[in-house]
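Below is one structure; the comments refer to it alone.
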Amino acid sequence: MATDAKETGVLDPPALPGGAPAGGGELDAPIPTRQMLINLGPSHPATHGVTRIVVELAGETIESMKLDIGFLHRGFEKSCENVTWTQCFPYTDRLNYVSSIMNNVGFALAVEKLCKLDVPDRAKYLRVITSELHRICDHLTLVGAMGMELGAMTVLLYAIEARDVLWDRLTEICGARLTSNYARVGGVARDVPEGWIEKTLGALDRTTAIVDEIDGLLTRNRIFVDRTRHTGKVSREDALELGFTGPCLRASGEAYDLRKAAPYLVYDRLDFDIPVGSNGDNFDRYLMRIEEMRQSDRIVRQCLQQMEPGEIAVADFRYVLPPKPLVYGTIEGVMAHFKLVMEGIKVPAGEAYSYTEAANGELGFYVVSDGGGKPYKLGLRAPGWPMTAALPHMLRGSLLSDLIPTFDSINMIGGEVEQ
Amino acid sequence: MASDIDVVPAITTRRDEAVSFLSKALGWARKYSLFQYPFVTACCGMEYMTVASARYDLDRFGAALPRFSPRQADLLMVVGTVNCKQAPILRRIYEQMADPKWVVAFGVCASSGGFYDNYATVQGIDRIIPVDVYIPGCPPRPEQVLDGIMLLQKRIQDQTHTLTEHTQQPLDPKPD
Amino acid sequence: MSKAVIQALLERFPRIVYDAYEGVGGDDCAFVQKARIADVCRFLREEPKYQFNMAPYITAVDYLGQEPRFEVVYNLLSTKYNTRIRLRVKVPEDDAVVPSVTGVWRGADWFERYCFDMYGIRFTGHPDLRRLFMYDEFVGHPLRKDYPLRGRQPLVAEREVKDVFRGPGPAGRD
């Protein structure tokens, strides 16, 4: 109306389709959207391991999410029921394949709990040293992948270089870079080679330098912080109810770490801190990993100092292969070797649940034995499992682009979640 | 393996030598510009990340850029275990890729099922799709992977390339 | 502290919690009747003296040959008091239905789906009880002791491949 326009100087905006109220400016008008069902299929660059995520989107906001897993189910438990106890170690390697020694140690501790075995001190120190080195590798992989998927490709290259440096040391002690097969029931497989300790200290120096560089690249990076802060938030009560453990639980504010709450191996003799977060968002989970890498470095250095020469396995022929001179020289040695290899360790009948603090959380093995040489049941409590299951709860109402850093920061490793 | 010296042949005037020159030139171009589709499932994925990174650089072989769409890729690297639930998806991705395409079975789980001989896994992806190079290892060392890539490159060079014909193996070979 | 918890359970739920024992390594465990497991878990969670706020691991075991055949094992944790206990529920094969504890801890959801997928134990009151690892076309429950190790049910018809001979034993192509 021309007279109104002259009086007020402002034209009223026309009524919008859909009956939306005119007035309040065009920028506030609701845009009609449609619910879309999108499939982030099993073969996707940003899913760690293979997961199928079916996302119901309204615009860019996730209304609900359904996870479909099982694309990497390799029958771990059923395979382990058909091989001897010692032959289970390679299967456990491939569960959390980025930190495989922790799985080996967890399984060995479970069997030793049933057998009531106590391993020698040097074996305990070696287990802790190699576990913590693999914990650093796991966190490096996570930080690198998180950077890469948010666009910072350089961080991945640095993290993989640091991981390679550590893997070189682990190759010298275990024989393999990735799937180490290092722990045995009653101890560890082999002792450190000559000069390994000095080389490891050098490797740790190099790794710390790279971790500091990655920290400098990401922690105050505007883009990284904007994408990870306040996304994927989980409150402390929710995290406990959903079953979170490990860095993801500590990022939400609950200071529960099995190395302090229920110390095993030599963790009670070591001096280290537990970082605890406050917000429970992706940024806190990322910071957890950086800090834990620094603490693991402290732990390894203390262990290398405290470790004394000694036996690396219990000298009990019922559980540990006898040394080769005895196998070739004595009747008992040959018989023990034969029985251990052909029939397996005779673990007393019973059941036990043993838990350790793996890189991702509480790694539990529920072992049931019927007294024979093969496990009757080997149940795995994968640390990444509750976090993956909780993704739909964590992401309801978030943007689609928040899915990627959240999926990264919970560190879902396909091998352990899908066994 | 690494000692083959790679030289582009000189131009001749006879027709069949010209055709073979074209084939060799196409082979040379194709082998040094592999766009991989890393179908990563399991532990071998960690070694794949290492092979693609700075120390054991896959970029030197021209195979740096992964293409996460099967339409844009020509090398399907099946990295890790393929289980029965994943098999239809692998087959679908293979069918979606355009010719010429090659398949590398990376790791022993993709080559033959590995030590997962149970109800869940496919015993080797060659039971689903034809494979060109098998790289065994659990996981294979990066040097082994690079050796496998060089073997594939030699195979690509030795294949007959034309601009129009499809020379790949059929997906389901006819029963004899 | 875990002994005190088991003692309190034995007093509060007299015939429902039975056969308490101390397992290897000092784990305190007890058996619970199938019908009331959700009530026992709710009590453990809500009682301020115990506050079992997490169920880290729930699994099932197939004791083929024993009657009842299955057993569902609940490992519970209280982070506040740093205590753990284990509850075992015997489940017969012909009536393999257990009340769900997802009302007590939401995190028990996938564990119960795993028990259903691998062993065939159903849970009443579960929000979405479907298979977890195996595909829907799969027939049977793989982790049962009478399911063959190599019982593959392929989704895609496999090509003819010249296979290496596997040697004696329960092997061969299936």
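Note that the chains take the letters A, B and C in the order they are written out, and that residue 1 is the start of every chain.
Here, contacts are C-beta pairs under 8 Å (C-beta built on N, C-alpha and C of every residue); 3 or more make two chains touch, one makes a residue touch a chain.
Here the structure is a predicted model, which is why all the values come from computation and not from measurement.
Visitor: So which has more C-beta pairs touching, B-C or A-C?
Guide: Contact tally favours A-C.
Visitor: Which one of the chains is closest to the middle, using the mean of its C-alpha atoms?
Guide: Answer for the innermost chain: A.
Visitor: Go ahead and note the Å separation of the Cα centroids belonging to subunit A and subunit B.
Guide: Going by mean C-alpha positions, subunit A sits 31 Å from subunit B.
Visitor: For subunit A and subunit C, what's the span in angstrom between their mean Cα positions?
Guide: 23
Visitor: Suppose each chain is reduced to the average of its Cα coordinates; what separation in Å results between subunit B and subunit C?
Guide: Roughly 43 Å separates the two chain centres.
Visitor: Going by the touch rule set out above, which residues of subunit A reach two or more other chains?
Guide: 70, 73, 75, 78-79
Visitor: Pull out every residue in subunit B that's touching 2 or more other chains.
Guide: In subunit B, 85, 117-120 touch at least two other chains.
Visitor: Can you tell me which residues of subunit C touch two or more of the remaining chains?
Guide: 133-135, 142, 149
Visitor: Which part of subunit A faces subunit B closely enough to touch in the complex?
Guide: The contact residues of subunit A facing subunit B are 41-45, 49-50, 70-75, 78-79, 90-91, 94, 97-98, 141, 156-157, 160-161, 163-164, 177-179, 414-415.
Visitor: Note which residues of subunit A are touching subunit C in the complex, please.
Guide: Listed in rising order, the residues of subunit A that touch subunit C are 69-70, 73, 75, 77-79, 82, 113-114, 116, 237, 240-245, 254, 256, 261-262, 350-355, 362, 364, 366, 368, 376-377, 379, 381, 385-386, 389-390, 393, 418-419.
Visitor: Per the contact definition, I'd like the list of subunit B residues that touch subunit A in the complex.
Guide: By the definition above, subunit B touches subunit A via 39, 41-43, 46-47, 49-50, 53-55, 66, 68, 80-81, 83, 85-86, 89, 93, 115-121, 138-139, 141.
Visitor: Using the touch definition from the top, list the residues of subunit C that touch subunit B in their complex.
Guide: Touch residues, subunit C against subunit B: 133-135, 142, 147-156, 158-161, 163-164, 171.
Visitor: If we count contacts the way the header does, which residues on subunit B are in touch with subunit C in the complex?
Guide: It comes out as residues 84-85, 87-88, 91, 112, 117-120, 122-124, 126-128, 130, 171-173, 175.
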